[in-house]
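Take a look at the structure set out below.
Think of it as A, B, C and D in the order they're written, each chain with its own count starting at 1.
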Amino acid sequence: MFNIKSFGIIGGDKRQLYCARSIAEDGYSVSICGFEKRDSFNELLELELDQIIEKSDAIILPLPCSRDGKNINAPFSDCGIIIDDKTERLIGNKPVFCGMQNKLPFQCGQVYDYSNREEFAVENAVPTSEGAIEIAMHEYDGTINSSQCLVAGYGRIGRVLADMLAGIGARVTVSARSLKDMAFIRSRGFNAISSQALCGRYDIIFNTVPHMLFDSYTLAKIASGALVVDLASSPGGVDFEAAERLGIKVVHALSLPGKAAPKTSGMIIKNAVYNIIREEQL
Amino acid sequence: MFNIKSFGIIGGDKRQLYCARSIAEDGYSVSICGFEKRDSFNELLELELDQIIEKSDAIILPLPCSRDGKNINAPFSDCGIIIDDKTERLIGNKPVFCGMQNKLPFQCGQVYDYSNREEFAVENAVPTSEGAIEIAMHEYDGTINSSQCLVAGYGRIGRVLADMLAGIGARVTVSARSLKDMAFIRSRGFNAISSQALCGRYDIIFNTVPHMLFDSYTLAKIASGALVVDLASSPGGVDFEAAERLGIKVVHALSLPGKAAPKTSGMIIKNAVYNIIREEQL
Amino acid sequence: MFNIKSFGIIGGDKRQLYCARSIAEDGYSVSICGFEKRDSFNELLELELDQIIEKSDAIILPLPCSRDGKNINAPFSDCGIIIDDKTERLIGNKPVFCGMQNKLPFQCGQVYDYSNREEFAVENAVPTSEGAIEIAMHEYDGTINSSQCLVAGYGRIGRVLADMLAGIGARVTVSARSLKDMAFIRSRGFNAISSQALCGRYDIIFNTVPHMLFDSYTLAKIASGALVVDLASSPGGVDFEAAERLGIKVVHALSLPGKAAPKTSGMIIKNAVYNIIREEQL
Amino acid sequence: MFNIKSFGIIGGDKRQLYCARSIAEDGYSVSICGFEKRDSFNELLELELDQIIEKSDAIILPLPCSRDGKNINAPFSDCGIIIDDKTERLIGNKPVFCGMQNKLPFQCGQVYDYSNREEFAVENAVPTSEGAIEIAMHEYDGTINSSQCLVAGYGRIGRVLADMLAGIGARVTVSARSLKDMAFIRSRGFNAISSQALCGRYDIIFNTVPHMLFDSYTLAKIASGALVVDLASSPGGVDFEAAERLGIKVVHALSLPGKAAPKTSGMIIKNAVYNIIREEQL
């Protein structure tokens, strides 16, 4: 179906291994590089950096593709993976699929960022929401069922998370900014409140909004005694110091998809790569 | 809370009566005009056209405000309601709230269209979806529960309708155009298919897409033996002639909110009017 | 799979026709009798009474098998169907499957009542619940979504109906007698109240309890302004006279499965007959 | 409301502390004994054994009330708690509420077992189900959402668990023995299979049936590659050795309510005690 017949997966964690396995199960030739420390997925062929590039029609890098702007992000590797000029020439015009392209530590002809695609973000809302629920189950001494839950924000994560919480039997309130979103929230049978005027009393609060929604005043008003799970990317949306002063437990949960469900996360990367290949007719 | 203390509801059907009652229950002064044929809602004060305009701080017209471009749309009235020059002057700068402003058959200083607001459209997806389900329950000889249902389109109505069908126990497939919407659909546990390549076999098909999705070829392929409920505004999204040739029952269901749930529809109009008043500080 | 290879369906309405069609689709030989007035299902072979009995390994009668204790219940027939002595002898030891065996107007060797089986009753809770919802949608001027609904009784119908109502977005309260059922109700996220002390205010009340739960006192206390759908078999569980005095609309909805979903009802009869055949090794 | 005005909570873990706190919040006098190692709940008054018995109208013991048949079960205590003859006389006719009365290591006039009540068992199905889901989320590398889940058994836990899994977006199959339960399962939109003939392929299997359902044959047939969470009390319903041979991961999860949700478990104990008091008019 694609012109690309062989994939080289370089760097990454368990997500990339699941991604590699799943691509192999689809009948493509797959090899990996940078996974010396893996203790499973032994069916996957590991090659040296130059070998894998030569052998592969396309390269898949992890999310983020680099953490230090120099090495490929490869936590399962014993040593750093650096793409030098010679390796760069080997890559040449081969398609490179990566997460967070702005961190890519080398030049090449065709780069595609799978992490800024809309369906990628939506699909990741599922493992993020499950990860958040797992944290809440672990940290909260009661059950989610019949607890009062607030989901702040009705974007991708808020939408998926609110439905899951209700599916477990929580009493769900969702905050949103627009009247339109509040109408959608009510249509699901949830309470809708305005993000500009948070109110109520909750057992568990999930924040998905990436700015300071839960300042000291709001924490004191609605979060006393609650568990707060902050899902907003750094610096988060909660005044952590104020929370500590108030004795409110806050968990700042980042990068949940890879932690909570590496298999699903790997599939989501694969799907995004396939979608790019289809759209770009690679 | 508002500067407006009295409302005149002119024309419309049961929705406007429920809207009027609900505004009155909120403590405002309300009078109505153009409802001689009503046989309930007797607590509402009916006035002559000029009286009601003089007495009211604001006027609420129905959706659509006019059907013939001349008279106010007033199916419960014995005679036509025409706003002549003298009445126009009486209205002057008083706020007029109406549905489908482009059909307004007179001039005035302040007109607000409640029907083009986003939250209005979302809220109406609820009575539309229930109306569609009522039709399906009435026309289909089996139960919705455990039937194979296709919802074509994942806009406002598709979103609400799919969840309701699943809530009754249907096996739900939703078609959408974007990969993003397909990801949302799958996150709800539904099957997602592409609107460009409808496939499968269904007992009941709900169309929400306002262009010819169900042409004769598609009907023959996926709708044989199915009930089709077309919710798309005229001319709809189904080739009705082809359906008849194929022996496929199609119900073209229009204006469901007012028919299926006039009370809820009246509340939705009230909410939209209140939202305008709040935003415009009237 | 069964020793029985041919079925004769005698009497009944659309349910029996759907039952007949479905058995035929399973590969058995099927003929019908007592359906002169049908205007569809033309693929089904209609035979005279004696012919059908001679030709069939087993007979399926409707629910109830007789209404007057003399004729087979056959609303689609032009004339009465009476099993006289000669016909009785023709039946002999052939298995006869019927609903409400106590009304069977003749003697025979092997009679099986499908209508008193537990799975039959549970499966019928689905079309009953959908029928009740269709009535509520038709009679109530608001939407089920976000309305306050009371389901009185948490037996088979109560269980299925409460979940469906919640699935449409209603605010659901369920009454039950036992603490155990109240715990199950709460586990679904519904409000639980005691059937001995009904309380609250509702938009729509569904009664499933077959004794006088809604007497004049209770109606006045919790049902003022509500729509009441009484699903309890005659004489029902509502004081209809008191309701009329109080201006409360009550719909006494009986025999919903056959009315709301004859196709599903026919499948349920078929399933029960098959289950009997399997258990009895007929 | 009750004649009992003061409660003594002796022994137990965090559940009993939450139970004690909640009773105190209802306005009763509460003291505790056997919690020297607690590091929170400091508002609760701790007394010596004899003191607490003298001071209290009723005694609440944990579940189980004893593990060794000699000491009160008191994991938060520094030393054993033994009820000797003198203490027994102090208790006299005061009501004693305990879990697993057959393990009670002393005699007294009025003993009530809260743990064998039906509503207690149903309410505990909620924390058990959430605990099972937390384990599955933790152990399974994919998401519950869109995974294939089997729930074996449709008793209390099966009923609650299946709904929660579906609420998260899993594809749910439930096995049951009776046709009646299979009908209930299908009415919820789940696949129903027979416990006598387990079939299919699953990502996660939850067993609630307390006998050997998952023998080596069945494991090999339907559980290869799956995570198995066994919720059946010892010895469980899974052949653990066979599972290990087959490389199938099994978690035998016991006593989940106290572990996963001690607060909810404490409330459930309180509710059961209150129900006994009400029924027995203590």
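Observations
One rule holds for everything that comes next: a contact is a pair of C-beta atoms (placed from the backbone, for glycine too) under 8 Å apart; a residue touches a chain by one contact, two chains touch by 3 or more.
In this text, all values refer to a predicted model and were calculated from it rather than measured experimentally.
When the partners of subunit A are compared with those of subunit D, the chains appearing in both lists are B, C. Taking the mean of C-alpha positions as each chain's centre, the chain lying farthest from the centre of subunit B is D. Inter-chain centre distance (subunit A to subunit B, centres taken as mean C-alpha positions): 38 Å. Averaged Cα coordinates give subunit B a centre that lies 34 Å from the centre of subunit C. Our note on geometry: subunit A versus subunit C, Cα centroid distance of 50 Å, whole angstroms.
Touching of two or more other chains is recorded for residues 126, 145-146, 163, 166, 169, 186-188 of subunit A. Those residues of subunit A lying in contact with subunit D across their complex are 14, 18, 126-127, 129-131, 133-134, 137-138, 140-146, 163-164, 166-169, 260-264, 267.
Contacts from subunit B toward subunit A in the complex involve residues 117-119, 122-123, 125-126, 156, 159-160, 163, 178-180, 182-184, 186-188, 275. Touching subunit B in their complex are the following residues of subunit D: 145-146, 166, 169-171, 186-189.
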